[in-house]
Amino acid sequence: MAGAVAGSGIVVRNIERADRDVIAGLGACGVATVHEAQGRKGLMASYMRPIFAGARLAASAVTISAPPGDNWMVHVAIEQLKDGDILVLAPTSPCEDGYFGDLLATSMRARGGNGLIIDAGVRDVRDLTEMNFPVWSKAVFAQGTVKETLGSVNVPIVCAGALVNPGDVIVADDDGVCVVAREEAAAVLEKARAREAAEEDKRKRLAAGELGLDIYDMRQRLADKGLKYV
Amino acid sequence: MAGAVAGSGIVVRNIERADRDVIAGLGACGVATVHEAQGRKGLMASYMRPIFAGARLAASAVTISAPPGDNWMVHVAIEQLKDGDILVLAPTSPCEDGYFGDLLATSMRARGGNGLIIDAGVRDVRDLTEMNFPVWSKAVFAQGTVKETLGSVNVPIVCAGALVNPGDVIVADDDGVCVVAREEAAAVLEKARAREAAEEDKRKRLAAGELGLDIYDMRQRLADKGLKYV
Amino acid sequence: MAGAVAGSGIVVRNIERADRDVIAGLGACGVATVHEAQGRKGLMASYMRPIFAGARLAASAVTISAPPGDNWMVHVAIEQLKDGDILVLAPTSPCEDGYFGDLLATSMRARGGNGLIIDAGVRDVRDLTEMNFPVWSKAVFAQGTVKETLGSVNVPIVCAGALVNPGDVIVADDDGVCVVAREEAAAVLEKARAREAAEEDKRKRLAAGELGLDIYDMRQRLADKGLKYV
Amino acid sequence: MAGAVAGSGIVVRNIERADRDVIAGLGACGVATVHEAQGRKGLMASYMRPIFAGARLAASAVTISAPPGDNWMVHVAIEQLKDGDILVLAPTSPCEDGYFGDLLATSMRARGGNGLIIDAGVRDVRDLTEMNFPVWSKAVFAQGTVKETLGSVNVPIVCAGALVNPGDVIVADDDGVCVVAREEAAAVLEKARAREAAEEDKRKRLAAGELGLDIYDMRQRLADKGLKYV
Amino acid sequence: MAGAVAGSGIVVRNIERADRDVIAGLGACGVATVHEAQGRKGLMASYMRPIFAGARLAASAVTISAPPGDNWMVHVAIEQLKDGDILVLAPTSPCEDGYFGDLLATSMRARGGNGLIIDAGVRDVRDLTEMNFPVWSKAVFAQGTVKETLGSVNVPIVCAGALVNPGDVIVADDDGVCVVAREEAAAVLEKARAREAAEEDKRKRLAAGELGLDIYDMRQRLADKGLKYV
Amino acid sequence: MAGAVAGSGIVVRNIERADRDVIAGLGACGVATVHEAQGRKGLMASYMRPIFAGARLAASAVTISAPPGDNWMVHVAIEQLKDGDILVLAPTSPCEDGYFGDLLATSMRARGGNGLIIDAGVRDVRDLTEMNFPVWSKAVFAQGTVKETLGSVNVPIVCAGALVNPGDVIVADDDGVCVVAREEAAAVLEKARAREAAEEDKRKRLAAGELGLDIYDMRQRLADKGLKYV
C-alpha cells in the first residue's frame, strides 16, 4: 500500500543529500544489518522484490508521487537527478502498471541515476537485467501508462508502507528495501558497523559448534519463563 | 502495510489537538468529501473496514506503534487519552492478531476514548457492536496477544499506507478512513464545506435529468481527445 | 482481474437488449440457479460483493472500459442508458479507486439506470444504501478519480474474469454476479425455471429426512468407485 | 489454506463426541474466551467469516475431506450426522467453489445438523440467512460443483490452518472459528468459565476509570524495560 | 481470475491460425511493444509468471477450458496441436493445482507443441526448465489432478483476465503474456515494428543525455497544467 | 496459514526419525512423485517457495511452534538437531518477519542441520544462497524478531496448511514442500519408486509421439461422457 503525503503539482529542486561515503558504507552493510542498526524501522513491505537476484544498491532518494497509471512525473523527476541518485515512486492509489522500462532507464543512466524503487509495476525486465539496472517493484507488468495528470517530485511519500523524504538514503538488496533518514544516516552507519563486527565474532563461535543458548546466556531466562524439557 | 516511523520505548505525553468544532465539522462532511477537499491525500488502504455498517467517527489521534502480536502499548496509550480522542495503532510488521476487545473498549470509554483505527485485528466484535464502539480494522481475529515488548505512543506512524502524526484528525465512515493533518484541519474543513454546497446544486440538476456531460461542459473536450460515436 | 477487449475512444450508441420479461424472469431465479442453468459459465470472481446485503438485480448491460483512476467514461455512458439498464465497468488495469458515488447514482436514476457492477471501487456507500441503489464492486474506497483519458462505451469487456458484451443480461444478488449472453437469455430462463421446479420437489423430500444419497441414487456409484465404510 | 491429512475414500461411521453440556457451555463463552482458555491454539484463519452477523454456534464436528470443485462427500457426510452436529469441510487443494446451498442445508436440518464450517465457498446465502442456518466460509461464490471423485468423511483434516479431528468441538461466532479437541473440551470449559468470572471483575474496574496499567501492575515492569515518558 | 466463456464437452478440430512469419515477428518485438502497438489491450494479469527467467514465446493458441483440479482435457487438446502451437488453459473456477508436468511436456514436444500458458499451477518445474519448455503460470504447485469431468478444447476462454480465442497469437516473455487477435496480428506487427524503429532513435537521444521533457516537448504542457518548481 | 496444534513452553527431546536410506530415497524421487505416491496428501501451500532455484532437500523434521515476531525457540531447537535434520517453523499467527538469517544457518550447519522450512520470513538470502543453505519460506523479509515469549519444540504443528509431526520426513524442491508421515515413509518410498518406473515407460512412448488418449485408453470413456468433436 502506498499513499501521497503532500499535495500535487510541485517539484522541489534543491534537496539535501547524505554524505556519499556514508551512503556507500550503508550499502556495504546491507538491508538486514542497517534495519537492525536503526531500531527496526524504515523497512518497506516484503512484496517489494528485485527484478534480478544479487542486485544491491545504496543511494539518495529523489521521490515521485504519481497518479495511478500515469508516468508523466518520471520524466520530470529525471531532470532533478544528481549523480548517484535513485528514483522512489509511490502511486497515489494502488497500481501495478508498468511505469518504467528500458528507455527511462537509459535516460536515468545518462543523467547519473542508478536504480528504481517503485510501489507499482515495471516492464522490459529482460533489457533492464542486461543493462544491470536494479529495480525493486511490487509487480512486473507490461501495462502501459499515460501522461495526463500531474503528481509531485521530491515531496514526502509513503512507499510500500515506509515514509520516504527526498534525500533519504535507500539501501536495497535481495532482502528488500530499507529507508534511512538523511539526518540519521551517519549515526546508523556507525551502529551498523559495530553490529557487523560483533556478528563476526558470533559467527565464528557458532561455526565452531557453540550454541546461541550459551553465547547469549539464554538458559536461565528460558527456565524462568517456564520452558520444560520432556 | 504498516510501519513504524520512529524508534521504540517512547511515550509523548503532551500533544496538540485540533479544534473540537473543526473535528466535528470534518466528521459531518464524511470521508469522501474530506479526502477530495484536501487534494486526495491521507486515505488509508481499502482493506480498513468498519466492524459494523453505519459507523461514523471524527476524532483526534493518539498513535501507537506496537510490535506484532503484542498489545502492551494499548494500556499505556489509554492513559494518554483526552476526551474525544481515538487510538490509531500500526504494528511494526504485518499482523492480524486481535490486539483489542471489549475490555479495552470499556477502559477507553471510561477515559473519554471514542473508537479505534487498527492496521491489525480486533475481537469481541459482537460486544463492541452492542457497545456501539466503532472500530476500523484490517481483520477480525480472535488471536490473542502478549505483553512483553515495548513500542511507542504518540510518535508518527504509517497506518495502512497513511502517515499519521499524533493529534491529526481522523475521519472514518463506511467509505474508509482518512487522515487530516492537524495544522491543515481548519482549511480542509472550509474547502469540504464549499464542496458540499457545490455538490448540492449539482445533485439537483442531475436528479432533474441533466447530464454531467452538459453540467461539466465535457462534450467539446471529449471530441478534441478523439471520442467517436458509432 | 479485468481487461479491455477492444481499443479506446469509441461509444457504440445502438445496442440490442434482451426482452424485458426475460430479464425479469432471470432475476427472479437468482444467480446460483441461472449460473447452473447456463452450464456454469459467465460467473464473475467471488471478490465482487454487494455494498449492502439483500441487494438483487437483473438488467441489461451498458459496458464501460475505463483507464485506471479515470471515471470520465461514466459520464459518457450515462447518456447511453435506457430504462432498466445498468452500468458494467472494467478498468484497463487493476484498480480500486472510487469511480462512482451518490452524485453519479442520482444521475443514473434520473436516466433510468438501476445499478452498477464495477471491477474497481465505489464510494458514498452510506448514501447509496439509503438510496437503495445496488452496487457490486471489488472494493469500497474513497479514492477519487480524474477525467483525462478516453475509454470506450458499449464495447466487449472482461469484468472480474467474465466476458460481457453490451446488451448482455446481468443477474446479481448476495451470491455474486452472473452474465447471460443476450442471445441465450430466453433459453437460459427456460432451463432455470425447469431447474427451480425440480428443486422444489427435492427440497420437500430432503426436508422430510430423505437423503440425497437415495434421492440421487448415489450408493451404488460410490461403492463402484471404492468408498469404504469403517 | 487447507489440506487433507489422511487418504481418500473412507467413511468413519462411529466417532466419539464431547458431552452436550460441555459443548453448550463452550458456545456460551464464545470464540475469544475459549481460544484464550485453551492456550491460544486451534483458531482458524481470519478469512473464515460468517455469512450473516450475529451467528453463533457450538457443535460436534463431522469432518469432510473433499476434492476441489466436488461436493459428493457432503451427501455422504449428511448420513453420518447426529443431532447437534455440524459439518467441517476442507478441500484437498485451495478452492472457492460453492459446495453448499439451501438444499443441502434443508437436508442437514432434517437430519439434526446445525451449521457448516467450510474452507471454500457457499451459495444461496440469502436463503441460508432466512433459514437462520449459520455458515463460516472462505468465500461466497455461486460456482457449482460436480460429483465425480471420492473424498473421505470423519478423518482428520486441516481446515483454514487448524487441525480438526472428527468429534472435536467447534465454537464459532462473529470473531471466527475455534477448534477444541474433544478430550480437552471439559477442561477448557472450566478454564473459560474461570476466565469469564475474572473478566467480569476487571470490566467493572475499567468501567469505573481504573487503568489497566494499575490493575495489572504494569508500571514497574514498563520502567524496567526502559519506557520513557517525554 | 479466469472463466469459461462457452459450455463444456466440445472439441473444435479445425481452427484458423495466423501466418507463421507474423507470429515470429510479434515474438521478436516482445510483450511490452506488442501490447502498446495494439492499443494496450489483451494483457494477462501480472500474476502470470514464467517458470524460468529469459523464456520467450510467440505461438498460436489451442485453448482449454478445464474443471478445477481436472486435467483430462489436456490430453484431448494435445491431439489437436499443430507444429508451433501452444496450449492456453483456463480453469472454470480459480485453481492452483498442478495440471501439467514433464510427461505432458514430453508429449506436447513430440506433437509440435511449444509451451504452456496456464491460469493455474504447474509442476516438475526443474525438469521443464532442463527441457527448456516455457510455461507461464499462476502458481507452481505439486498438487495432482483427476480425469473425471469434461471441459472443452478450442473454445473462447478468459485466461488471467484476457479473452483468448483459439488461433489467437500469444506473445510471452519476462514481462508477462499478451494476446493478439488472429485477424489483427498482421496489422499489430506492422505497428509494433514502427514503434521499435521510433524507440531506437529515442534511445540514442536519451543515452546522450537529452531529456524526455525536451524530446517529447512536455514543458509547456506541464506548465499549462500548473506544475510549479520550488 | 499456519497454526499451533499443541500448547506452549514444551521441548520434546527424544523423537523418532525415519530410516536415513528411506529419507534419501524419497528425496531422489522429488516432491511431485512423493505427493502422488502417498495419495495426494501432505503438500504445503503453493506460497512456500525456495530462496534459490534448484534447491532440493529430504530430511527429518524438528518442529517449532513460535509466537509471531519472536525467534527465541529457534535457538532452543538447534540444540535438538541431529545430523541430517531440518527445522520446520510455524508461527502461532500469520507473520512474515525474518526469523532466520545467516548466523542461525551457520549454527545449524555446525550442529548437523541441513535446511529450513518456515511459514514466515527469512533474511540474509544472499549469504544463505552462497552457503548453499536451502530455505523454503512464505516471504523474504529483513524485519527482525525479539526473544521474549516461549513457544514449543518438537510438538505437532500445522505449517502452510500441512500437519507436521516431529520426525516426519520433509521432501522439498522447486515444486514445493511435501510432508511424509514417519511411519508411512518406507511404504511411500516403495510406491514412489514404482511410480517412477512406470513413468519412464510412458515418457518414452509419449516422446515417440503416442498420445495419452491412447496410452491411457481414454477415447471410449470420453465418448461415454459425451465429448463431441466438431
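By written order: A, B, C, D, E and F. Residues from 1 in each chain.
As a convention for this text, a contact is a pair of C-beta atoms (placed from the backbone, for glycine too) under 8 Å apart; a residue touches a chain by one contact, two chains touch by 3 or more.
These figures come from a predicted structure and were not determined experimentally.
Participant: Please decide if copies subunit A and subunit F contact each other with the same set of residue positions, more than half shared, or with different positions, and reply same or different.
Facilitator: Answer different: the two copies use largely distinct residue numbers here.
Participant: What whole-number Å value describes the gap between the mean CA coordinates of subunit B and subunit D?
Facilitator: Distance between chain centres: 31 Å.
Participant: Centroid from C-alpha atoms only, then distance subunit A to subunit B, rounded to Å. What do you get?
Facilitator: 27
Participant: Spell out, as numbers or ranges, the residues of subunit A touching 2 or more other chains.
Facilitator: 40, 43, 46, 92-94, 96, 141, 143, 149
Participant: Applying that definition of touch, give me each pair of chains that meets it.
Facilitator: Those chain pairs satisfying the definition are A-B, A-C, A-E, A-F, B-C, B-D, B-F, C-D, C-E, D-E, D-F, E-F.
Participant: Tell me, which parts of subunit B touch subunit D in their complex?
Facilitator: 9-13, 52, 72, 75-76, 78-79, 96, 98, 101-104, 106-107, 109-111, 121, 123-126, 129, 139-144, 147, 149-150
Participant: Sort out for me which residues of subunit D touch subunit F in the complex.
Facilitator: 1-8, 38-46, 92-94, 156, 158, 160-163
Participant: Give the list of subunit F residues in touch with subunit E in this complex.
Facilitator: 30-32, 35-36, 40, 43, 46, 49, 53-54, 173-176, 178, 199, 202-203, 206-209, 211-213, 216, 218, 222, 225-230
Participant: Can you name the residues of subunit D that touch subunit E in the complex?
Facilitator: That would be residues 67-70, 92-97, 141, 143, 146, 148-149 of subunit D.
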